[in-house]
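Next come two complexes, and both contain chain A; in the first it sits with chain B, in the second with chain C.
Let's turn to the complex of A and B:
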């Protein structure tokens, strides 16, 4: 038996589906230039994956046909040589299957191997979110803006070839830089992309992450229901009705807190979250009424407190809130828990408002954000800036 | 004179008088794995809230089946059952008939229970059209069929449906170099089809999730009026339409303000336009150019000027030439010439 290599790419559903596919396809075709065989495929889920959800795409490469067949006999690689994370907010964890439970991003990574993350953050900031593990591994950061684009229009900001360059450095056994360059020249026919890939290769470095280093949080484990857990007629129990909201500080009862499905939370889809200024809230109901995820609890004071187990971070609340800066979407990186903002506000209003002011300063202005297509020409405007960051390295 | 129609009473659901009066209870809560900014989930939430606790919901295959029921991912707080892709009509009729029998036999308490079947545009405008049509011909049964329309088979890979707009990019209509416009069909006009084709239906209407209070009140009216009723809801879909989920709400408004999505209800044969649509018809509000709506979506990114102009001309025709502007696509003989 020859050698078998596996690379997994973790990405944000339909926003990065084309990008992930381009990367895994590129690995296989570059390795093919060295006489290796390979296949790229996505994990089965909704087709296409719902936007924002953590999804996986794989490339497996082998020296010979027999080894490749042996590798393909597995449903998906259980152990991978390189894990690529295309959005750094995914470092908080990705779901195993159809959004059930939460897994560390390096779950399948072989000990001592490389985790590649696209980010503008440094390693200590990322390790606040990446869960600790028993075995050491290497962390390599490809400095760049997360590349999001939708189903029909692709944002070609060279992220694909930058990742290919980084993989060639991290795992030369699967493909050399020359093979990557040959693939780009022959298949993508873009000499600029060859330079980008070479730059990424030269700049890519890793740091060692020691055993036990990282986010100490225990990951959420949710078992899937078995047939014997179902009731007559293969039915399951519906959600009950909620009740009054009990204030976390005063103990006062009022407002309303709907029942939340405990077996199914949605937060790992989130790339940004609302930060609410309860002091300026006019209780107009719009955020609550228009939230597709029903993520708001109604507090005793009649304000709306986001439940961060339910919020998927779409940003509609910010868009429709009539009060300036009352709701601001802030990158998910800035947060390390899912605690209630109302509780923090009630506990110490001054401290909360101070925190709020500092936090919303970190938010990107809406015009700079890119979680998909907003207007024609937007990607063309964004690519030069993304390329500049990439070229600075 | 007897009509021989065996009518049963409905729940009398008064309209919610303002957003502050909307009840807090949720019968479609969190715990669904829909996309960020999913307006189809939003209409499910509003529909369940409007209908209240004494309701059963039947859902034909589509996003709102798959994303709401895989494993333990269920948000439903009222009884919900899956039905086949094309059978929202038959399942609603069957459920209403079964309730009637159970109540007559004393198996269950005799009380009005809301029966709602929802379908997507694929399940309603394409596959389920025949069954829905048959159901609309049974005036004895109280039920509502709500079609949530994201203008494609968005659950399976964004394929064209009968409700997809002209020229749109889908998996089945990818623009090519030789032929740019691969979907040259015009969107099916479902609500008027239901009304004109089934004269005894007491309520048919269109709603938009960007006007949540009105949407809920129209659902309440449809459930209270009796007999089979039909509501068509347009739901912007970030995944299939290719836009940043933050735009979900705005695109719903733009669809109305450009005149592409008229809002109206037909109650006992009487048509009334509402919201911005009414202002457009009364010339109090000038329709926004369709360009404002089209260029915010990746699915229309391949449109050239000519395509935008054609789309605009069709919308203009709909408002300037149609016998009932925005609704009934007939022209008077003298005008058609």
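Let's turn to the complex of A and C:
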């Protein structure tokens, strides 16, 4: 058996589907320049055609056909040499559509190997989100704006070749920088991209992450039943009706909270979250009525509090809210918990409104993850700024 | 979308190219090379990747065809049936319940002698809704006059699509043909594939000539009039005649394929892997070949004499030839990625067919065990294969084993 390499790219459905595919294809074609063989594929049980859903794309590379076949004999690689995370908000964990619960991004990463994250944050900030694990690993940050685009429109901000350059540095055995450059010259035919890849290669560094370092949250463990224990007739037990809930601060009972599926929370699809100003809310009900995920709880005061276990961050509430700045979508990486905003508001109204003001200022349009493009030419406008941030390194 | 590197147009005509493409993309490229005239489409995963790639080829100006998105699979298959009757080379396909929704059209096509080529992206039949591979969708037409073949790599998908047009459009045949590609493992996985040159394909695949069956004002005929007991049995006998010569035609076409393109498939009907001195063999169809071959190599290193036979053609079922191949082994373990409700010994479709073939054509009577495995896209793992092999070895030693067992099930 020769050497077998696996690289996984964790990305967000729709927004980064083409980007992820371009990266894993690039790995196989660059490695092929060294005579290696490989395959590239997306995880089939994912739903990459759904906005923001965490999804995976893989590249498997080997020196010879038999070794490659051993890699292909699995549905997907159980262990990978490099994990790439294309959106740093995914560091909170990826929950696939396959109902396996929220999982750490480095779940498949071999001990001591490299996790590459595109981010403007530094390692301590990312490690607030990335779950701790028993084995140490390396973390490498490719500094840059998260590259989001649409299903049919690709924002060519060189993120693909920056990642290829970083992988060549992290895992030179899979492909050299020269092979990446040859691939770009021959297949992408873009000399500017060659320079970008080389810069990314030269700048890429990693830090060691110790065992136990990171987000202490325990991830969901889902058990699967034996066939005799499953309900018959492809049926699953429904949720209860829900009812009033006790206010977390006053203890008053009222409002309404639906019962939600604990195992299928959907919040890992969220790239931005609503920040609600309860002081200006007119209780018009529009956010609650239009939320596709039933994410709002009705508080005892008749306001609407987002349940962040249920919110997938679609932004419809912000669009539908008739009150100026009452609901503002803010980049998900500003938050490290799913706590109730209403509870914070009730506890100390002044402090909450101060926090709100500071937080919604961070709704920086370039950092904001666009949910689909809004007008023709939008991506082309974003490219120079993204490239500038990337080139500063 | 896929980004196929587009070399100079001229080079494509005379030189073989290499590309990193999925099995679905390979079929789309075969359609382009075969110069297909009419394509109908209706999305269902995993087949829909083929329609995406063909539409991209059309949009890029690489392929010239009528591309019709139908309002459902039923119309999708009706439209190509009629186009084919009018002399067009056609392509369509579906998956899982989409294929079943087209069932009426699938049943009426063979008697009309329509050489339609379809791709089935194998998918579990709902319910429960699932995307994963299971072979019951394509197998549902096994008694209806369709030829059925299973491929296990993107390269074989491309080659078989070219072979399919040659076989189906052979005047002696004129019956529909479905190429089965396992969902995910083949349809969605990109591998390095050699794309033959257009000039070679032209040499291999003559234009579709419908002759006296052409539905055209210059050739006034009426197709599919209402008939009664005076006619039906004779119509069926005509299709039966096709099955009598199908194996010979397929063999001819593979020989010619090898001569034209230089790629060898050996016996067209099944592939033998490490069977030469084997005591027992496993037998299955489609992409399960990858984990099985890996496991066989591993077990060979441990000194276990096991081999693998991958069935390529299910219809026609080359019964005598397969029986002759298998009669020399001490036991056979069939891996069925399907399930045949209430069948003899409650087995899968392949094992049931194989036992029938062995009963009439084999000189010996080795035990034929059946393993139901990998349903709904579940992985057929290397340890699964080792387990099935162990059980097959026990049977070879004369220890009675259950004829059907479920492997990889949570129990």
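Operating definition for what follows: the second predicted complex is superposed on the first by the 371 of 393 C-alpha atoms of A that agree within 3 Å, B and C clash if a C-alpha of one lies under 4 Å from a C-alpha of the other, contacts with A are read in each partner's own complex, and residues count from 1 in each chain.
Assume a residue touches a chain if its C-beta (ideal position, glycine included) is under 8 Å from a C-beta of that chain, and two chains touch if they have at least 3 such contacts.
Since the model is a prediction, treat every value here as computed from it, not as a measurement.
Once chain A of one complex is fitted onto chain A of the other, the partner contacts of A:29 are limited to chain C, with no touch recorded for chain B. By the touch criterion stated above, A:135 is placed in contact with neither chain B nor chain C. Looking at the shared chain after the overlay, A:187 reaches chain C, while chain B stays out of its contact range. Of the two partner chains, chain B is the only one that A:295 touches; chain C does not reach it. Touch criterion met: A:314 reaches chain B, while chain C stays clear of it.
When the two structures are aligned on the shared chain, A:234 is found in touch with chain C, with no touch to chain B.
By the touch criterion defined above, A:225 lies against chain B and chain C together after alignment on the C-alpha atoms of chain A. In the superposition on chain A, contact is made by A:74 with chain C only, not with chain B. By the touch criterion stated above, A:66 is placed in contact with chain C alone, chain B being left untouched. On chain A, the surface patch touched by chain B in one complex and by chain C in the other comprises residues 152, 224-225. Residues 1, 3, 5, 20, 22, 46, 127-128, 131-132, 183-185, 188-192, 290-291, 293-295, 297, 377, 379, 381-382, 409-411 of chain C are the ones touching chain A in the complex.
By the touch criterion stated above, chain A contacts chain C in their complex at residues 18, 22, 25, 28-29, 32, 37-42, 44-45, 66, 69-70, 72-75, 152, 186-187, 224-228, 234. Residue ranges of chain A in contact with chain B, taken from their complex: 13-14, 46-48, 50-53, 98-100, 149-153, 222, 224-225, 236, 238-242, 255-256, 258-261, 263-266, 269-270, 284-286, 289-295, 298, 307, 309-310, 312-316, 318-320, 329, 366, 369-376.
On the chain B side of its complex with chain A, the touching residues are 19-20, 22, 24-39, 41-42, 45, 53, 66-67, 70-80, 155-158, 169, 209, 212-213, 238-240, 242-250, 295-299, 301.
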